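The next part holds the structures, each set out as structure tokens.
There are two complexes below, and they share chain A, which is joined by chain B in the first and by chain C in the second.
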Partner chain A sequence: MTVVIGFEGSANKIGIGIVRDGEVLSNPRRTYITPPGQGFLPRETAKHHRGVILTVLREALDEAGLKPADIDCVAYTKGPGMGAPLVTVALVARTVAQLWGKPLVGVNHCIGHIEMGRLITGANNPTVLYVSGGNTQVIAYSERRYRIFGETIDIAVGNCLDRFARVIKISNDPSPGYNIEQMAKKGKQYIELPYTVKGMDVSFSGILSYIEEMAHKMLSSGQCTAEDLCFSLQETVFSMLVEITERAMAHCGSQEVLIVGGVGCNLRLQEMMGIMCEERGAHLFATDERFCIDNGAMIAQAGWEMFRMGQVTELSDSWITQRYRTDEVEVTWRD
Partner chain B sequence: MAEADGVSARSVPPYLREAELIKQGAEARVYRIRFLGKSAIVKERFPKRYRHHVLDEKLTRRRTAQEVRSILRCRKAGIAAPVVYFVDLSTNCIFLEEIADSITVREHIAAAQASGQSVESLHHLAEKMGRVLAKMHDEDVIHGDLTTSNMLLKPERSGDLPLLLIDFGLSFVSALAEDKGVDLYVLEKAFLSTHPNTETLFQKLLQSYTAASKKAPAVIKKLDEVRLRGRKRSMVG
Partner chain C sequence: MASCVRASMSDNQFELTIEVPFPSQREVSIALQSLSPDREPGTGGTVRTLSASANALSVKWNAVEARSLRVSAGSFLDHLALVMETMDAFGQPALP
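Moving on, here comes the complex of A and B:
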């Protein structure tokens, strides 16, 4: 049996999870929540992570009922992400690895999402839609790489939603995306917004600029409600995402879709993707907020795959990087 | 047509009831039928139930019209694309010439790689793609969905291998180097992710594109810019 502990803190979530041969033993997490109208900045986020990381580590071990001696390998997020939070978490991972005398493995955050999704859903070789605050990619596996077929050519879909939430002061608790989703359910009127798809790529910056400029005018003139805007924004950006996923499936001849990343737990997105799949006889795999949103277990799971293939990260190589493409990683654990 | 909230009884146009469904692409269902004595392809943009019906109707209508317009514009300029026989705007169906015995460039490259042919043996094809795209961009047609699946090769008895462009649903007309640069960027990503280890092939394509069009330097400059833009290179979160 191989037990891996994973440390994740590339954005505003700090999570530590323990995985034993495909079984998630524990996966506690904390989120740094900012006041409405504000995003999270690297320095403050890192400070938050420093404040809670040892408590979270204690929870992860206690919940799993394990002692450090039971751990075989310490995995941490090498990137991509925000520099300061990444450094904070890597430092703790490096320290405990030395204290416990265990090998380290540096994990690509995006690969963590994909491997967690595959583990939880049992999807075999899906086309992956990875959607979060920092990433929007359509990915398919071939020849030892997760290859990026489509992606955003400017900002990520989650970033577009978060910044819209800031414009109309929607609460960041538990997350702006969750609150937009709830408000969208009460939206009645569909407001036309820019729709930008370029082949298998998408662009969200035009939609954001448009809605940033128009939102207050439309709200103050009573033309529509905040709920209508949430509804229309979701319908528009999710349609774009489903469209590029379908295009990548048609291009690759794939019959499976897996949605991962924080935006992936949005039920309306899952519903739309499900209808698309039904229309082409394909199968949809999705997970809930425990595994969609950044967490420690996903880093542990990807680390577990790498460690089993004999990959370890030497102490001198245990740095972090803000830039780390999904297709840079050689996937040694798949055929 | 285009029922509001996914009413299951979708109205299939009468002429498609007996037609042979060849495949379901991302945009449309493709059927084979006889049209005025000719073998033809019907591309039916059926309502997408996952989309809000207002958005769906707008996109479908726009893309059907745009596909036909761009094919005509290309064909007038001497760029090979299927002939448009007929358009049924009430059902968003386009009747196109059937390109018999053709294969996609994607299949061609995959077959060449599988049979162990060198990448160099495909240089000729890459150059041809570059020339055709340069000509298309000189006509200010932006394809919008360039992939190796959307280019057909039709082997002829003479040994020629003409390249046809298809699937103009996302196309539009623009003279901006920016739009042309993004068009090439979309192709580059699709090309390299679909066909691993073909970087030199895409370089050849760009070289021949540059040689074939006077406007190419500005487009290539934009392409370099787009590659570096935004968060594409550094993904956070």
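Moving on, here comes the complex of A and C:
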């Protein structure tokens, strides 16, 4: 049996999870929630993580019913993400690895999402749509790499949604995306927005500028409601994502789609992707907020795969990196 | 925890040295290896050097600007405090 503890804190969530041979033993998490209209900044986010990380670590061990001696390997997020929060989490991972005399393994955050999605859903070789506040990529596996078939050329889809939420002061609790999703259900009118698919890539910054510009005018003149805007924004950006995912499937001859990342728990996105899959006779795999949204178990799971293949990260090489592309990692654990 | 701080300025170069005592060589070594891997961010011309003696961690900064020295030292102290808290909380494995 191999037990791996995973530390994640690349954005506003801090999570520590323990995985034993495909079984999630514990996965506690805390979220740094900012007031409506405000985003999370690196310094304040790191401060939040520093304040709670040792409590979360204690919870992870207690819930799993394990002692440090039972752990075989300490995995942590090496990148990509915000520098200050990444350093905070890496510091604790390095310190406990040394205190407990365990090897360390640095994990690519995106690979963590993919491996967690595969573990939970049992998808074998899916085309992956990875959508979150910091990343938007369509990925397929080929010859030891998760290859990026399409991606955003500017901001992530989740960043577009989060910043729209700030414009019209939607609450960030539990997350701006969740609140947009609930409001969108009450939308009655579709407002046309720019639709920006460029080949296999997508762009969201123009859509955001457009809606930022027109939102207050349309709301104050009563031309539409905030709910209509939420609905229209979701329909537009999710259609774009379904389009590039479908094209990647056609390229690869794939019959499986896996949605991962924080935006992936949006049920409307899952529904739209499901319709596309049904038309193609393909299968959709998705997870709920426990595993879609950043968490420690996903880092533990990817770390478990790496550790089993004999990969470890020396302390001197354990620096964090804000930029770390999905296709930089050699996937040694798949055929 | 006591520490000795020395600061000086010469030729527009700011220098700061901090000595942090630890109970034993083991803790010094753990702190050094936890705090060393990440390089100083940015290009502010601030250089931070870490070294270890038998029971103390020495940190030395050389900087062109006082402001970037202050930022670097402030964030280092946050990091050091977190490493020490982690040692306190998880350093002694509970005996069965």
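Definition applied: the second predicted complex is superposed on the first by the 335 of 335 C-alpha atoms of A that agree within 3 Å, B and C clash if a C-alpha of one lies under 4 Å from a C-alpha of the other, contacts with A are read in each partner's own complex, and residues count from 1 in each chain.
Note that in this section contacts are C-beta pairs under 8 Å (C-beta built on N, C-alpha and C of every residue); 3 or more make two chains touch, one makes a residue touch a chain.
Given the structure is predicted, the values throughout are model-derived calculations rather than measurements.
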item	value
When chain B and chain C are modelled together on chain A, clash or fit	fit
Which superposed partner A:Thr152 touches (first chain B, second chain C, both, neither)	first
Which of chain B and chain C A:Val87 touches, first, second, both or neither	second
Partner, of chain C and chain B, that touches more residues belonging to chain A	B
First (chain B), second (chain C), both or neither touched by A:Lys188	neither
Partner chain(s) touched by A:Ser132 [first = chain B, second = chain C, both, neither]	first
First (chain B), second (chain C), both or neither touched by A:Lys217	neither
Touching partner for A:Leu54 - first (chain B), second (chain C), both, neither	second
Touching partner for A:Ile320 - first (chain B), second (chain C), both, neither	second
Minimal inter-chain CA distance - chain C and chain B, angstrom	15
Touching residues on chain B, where the partner in the complex is chain A	6, 24-27, 48-52, 54-55, 58-59, 106, 144-147, 149, 170, 182-183, 185-187, 189-190, 193-194, 196, 226, 229-237
Footprint of chain B on chain A - complex, ascending	10-11, 80-82, 110, 132-135, 137, 140, 142-143, 145, 147-156, 158-159, 190, 192, 195, 197-201, 205, 235-236, 239, 242-243, 246-247, 249-252, 262, 271-273, 275-276, 279-280, 294, 322-327
Complex contacts: residues of chain C adjacent to chain A	29-31, 33-39, 41, 75, 78-79, 82-83, 85-87, 89-91, 93-94
Interfacial residue positions of chain A with respect to chain C in the complex	46-47, 50, 53-54, 57-58, 67-69, 83-84, 87-88, 90-92, 94-96, 98-100, 315-320
